[in-house]
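Going in written order, the chains are labelled A, B, C and D, and every chain counts its residues from 1.
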């Protein structure tokens, strides 16, 4: 069986401020299909990811074929169809960070926390991701912990910081 | 002219290629004039002596096949991958899309027809399946390939006949290239 | 606003600057890198300190764009002395201000590179890191507040736009750019003037100008720094291009990973619109031009121009075969000019100083300067700008201060995943388009990663191949399957399981993918592999299983 | 109409300007290998089988997307091109799970024919053996991703000919897959009209009607091309 997403999903609440945000953005862009990516950015910022009912909502409003929206969403790595966890740990694996030990950080996270890149912990507390380059090469190796850049970190340090975040210390 | 020595071997396959070999019918007599079949599932020879030509059916699926193909390579002057399984794993390789453990579970533990015991056989005398099935070329140097599932008897005879006359066959030029 | 109004504003701002009541100017680097190491906190603390000392009327504190030595941040610069302090700790600020402003002498121990040079240079301009550089694209980065259009205006901002609108015809602008011999800074090095001329020649009711700021090479941050440090310069370049080719609409496509650059560029657009430097009838002329920002969503292939166009149109960023080139049929099928951020940043100095001036910088075939993002196992990493033709040795050992821990230089990777490596025996190679190609590498957008003996070149090739495999759009067969196949084979060799046959297959596939791929991503994906094979073949051979 | 001279494989031809190299070759019985091309729908130049050498061009050009110019000199069958066509075919076979012997399209498959044409007797590269789904949710049809070569002919036919846009492509790189709607099981699609055009557009045994078994598939891709021609005439 296919594990897909049905198009018919529950309606979104019109009073949800996040829905209002997306509605306003679509109106501002005149419901033009070419603004799809801009609108997806707005939705992703509001929800942290792109829930299926939000995609269905946008698809309907822009009169786009569902597969066209889904194909665009899955093409760009910025967009996520899954919740990324309450706290996020983004390990930069750009060349400079790679040369300076990004892999060791990932290995340590896997060893100590049992999470590989792209995974979210069972309790949804922590999500681990990798970035191709966050452009902070002078600070390599760099890790972004909940939007905060941790510069020149060692594997031990980052584990400590994560543990403080998720409250296991 | 000295008679050549010919062997045919059955590894990870369904023996369909050997059936097709038998389909060369009376032309087997032409082959017999030029070569002795010294080892084959259809004759009595069980050891693998040094041979001029070895037709190998089937892919490499286990530790036993692996040892066997290395031995065949040592013994054979010309090693021919015989049929789609030997050439590109074909049906034998269809388990490669899954983990071996899942394959065993499906066959022995979760199958409707099992006797409720659901045990994966593990007797030491049984061969051990490799995680992935590979075609012959991944393990040894292969001198010629006859694809097809099974290859047509005409194609098999053509290839044998050419090799037995010390010529190098060309299936494509002979319009006998076929898969499936 | 018309031309006269603009002149009035500039005059007023300049007068203010000349009658400067401030004795000192303190620049705090607020590039993304320094912000990450805490420069906003430094900024706040510094302002408090100035206030406590009652110096608000004597000292001006300015947040600026990137100053260059990014791994020494946060950075703080005192003008006019040009003393730069590095790795500012908030607890030191009081002492620094006391020493600089009251005792009139710098604290040497805290100056830039004090911990790594025998003696730091008091005037940072004398430091080889800066002395060997020549800043054109980055000219005002690190000096002006990127969030104030007035700062840019005082530094000759929008003078070039003014000049082309009132004194030059589009043909003359194109001729000037052609004379400058500027080549596209995005990587391929196509002559910018010719590109402009081609778009200019197509007749259409609508044309577009696109600024490619989808800097995707891992290890490259030139465009980000320019956009963050001096967004108006890029904006001005785009407007001039719009005038020259006859476009009234521009798009700036900026990576989603650069929120600060997006914020500052959007602010710059707002400010420029307000001043009448964007929008309808710019400076009272009949020329109208407006810019919209489009945010990238994390796809390296969108740096390829046809993929970028698809992305702006709200679709999957997959490239299409060329011809037709975007100059003929681009965004929504209209003639479209696409240039890189750094190329646009070079336009206004060329107009102000003349094409001839620019063409005399650099080498005969590669004119001008190039910005590099210096990173890896080097003492001073960061953002630098040098004349074309500067040798790799000068960049690594003079500007970069040599190797970290004085290790031996092994190789430099240029052009990221599309480029190649330069081994130690070619340290004296001139950094220009042709010389790099002759070594099997490319200029690329300017990422420069320095590696020492600890880097395993087969693993480096595997790393870049993995990148290309993940970033392949999946449209054409050679790139979609070929990069995966090459990656798997490289992984096998890295795991010490590869054979000579695998190596042969790898080489054959590399040439095949290079020649048959639909776009530049696939066309250059084998470059790191081919160049490491060329210069470090032994490392591959050593990994190979020898069959009996 | 004025014609322009071109030279293809050392043969001088006078052809209509505006045509693609592929069209010109096909009209003049010059054999061209293609996979993603389907007459009547937009060409995308993705399979790279129709690459030709054009004198003066610094790279190989896809014949399906390149228009002829006056005095163009084209070569379609050099050793290099033949070698590359073979590698492309090998990569097609190695990418997904093509088992001809159990396939509905066996004997009528365009990929199989391609293999014979490039004289491919074995694949030198390791097979990737990806895990692919078989979508049997549609009442009449099956979508088997094991046999899909990502030519996207179904996507283009569904969008351009039928106008339904049920199909599209998700993900990128080697993880691309054809999807209906939001990666919805085909049988639950709200856009599919069940017209069956994708079936005939598909060059392999990836899309097929449930009523048939191994080796029985009949496809009529030329019907789709004809349909587009008829529509043009009506306009």
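Observations
Methods note: a contact is a pair of C-beta atoms (placed from the backbone, for glycine too) under 8 Å apart; a residue touches a chain by one contact, two chains touch by 3 or more.
Computed from a predicted structure; not experimentally measured.
Two chains share more touching C-beta pairs than any other pair, namely A-C.
Ranking all chains by how far their C-alpha centres lie from the centre of chain B, first place goes to C.
Centre-to-centre separation between chain A and chain B, using Cα means, comes to 50 Å.
One simple way to say how far apart two chains are is to compare their mean CA positions; for chain C and chain D this gives 40 Å.
For the pair chain A and chain C, the distance between C-alpha centroids works out to 26 Å. A straight line joining the Cα centres of chain A and chain D is 35 Å long. Within chain B, no positions touching two or more other chains are listed.
The set of chain A residues that touch two or more partner chains comprises 68, 71, 75.
Residue positions 299, 316, 471, 473 of chain C each touch two or more of the other chains. Arrangement of the chains shown, judged by which pairs touch: an irregular graph that fits none of the line, ring, star or complete shapes.
Interchain contacts (touch definition given at top) occur between A-C, A-D, B-D, C-D. If you check the complex, the residues on chain D that touch chain A are 133, 135, 137, 159, 164-172, 179-185, 188-191.
On the chain C side of its complex with chain D, the touching residues are 299, 301, 316, 320-321, 323, 469-478, 480-485, 488, 505, 508-509, 512, 515-518, 523. Those residues of chain A whose C-beta lies close enough to touch chain D in the complex are 1-2, 4-8, 52, 55-56, 65-71, 74-75. Touching chain D in their complex are the following residues of chain B: 81, 84, 87-91, 93-94, 96-98, 132, 134-135, 137-138, 142, 145, 147, 149, 171-172, 177-180.
For chain D in complex with chain C, the touching residues are 44-48, 51, 59-62, 65-67, 83-84, 87-88, 91-92, 94-95, 124-126, 128, 150, 169, 171-176.
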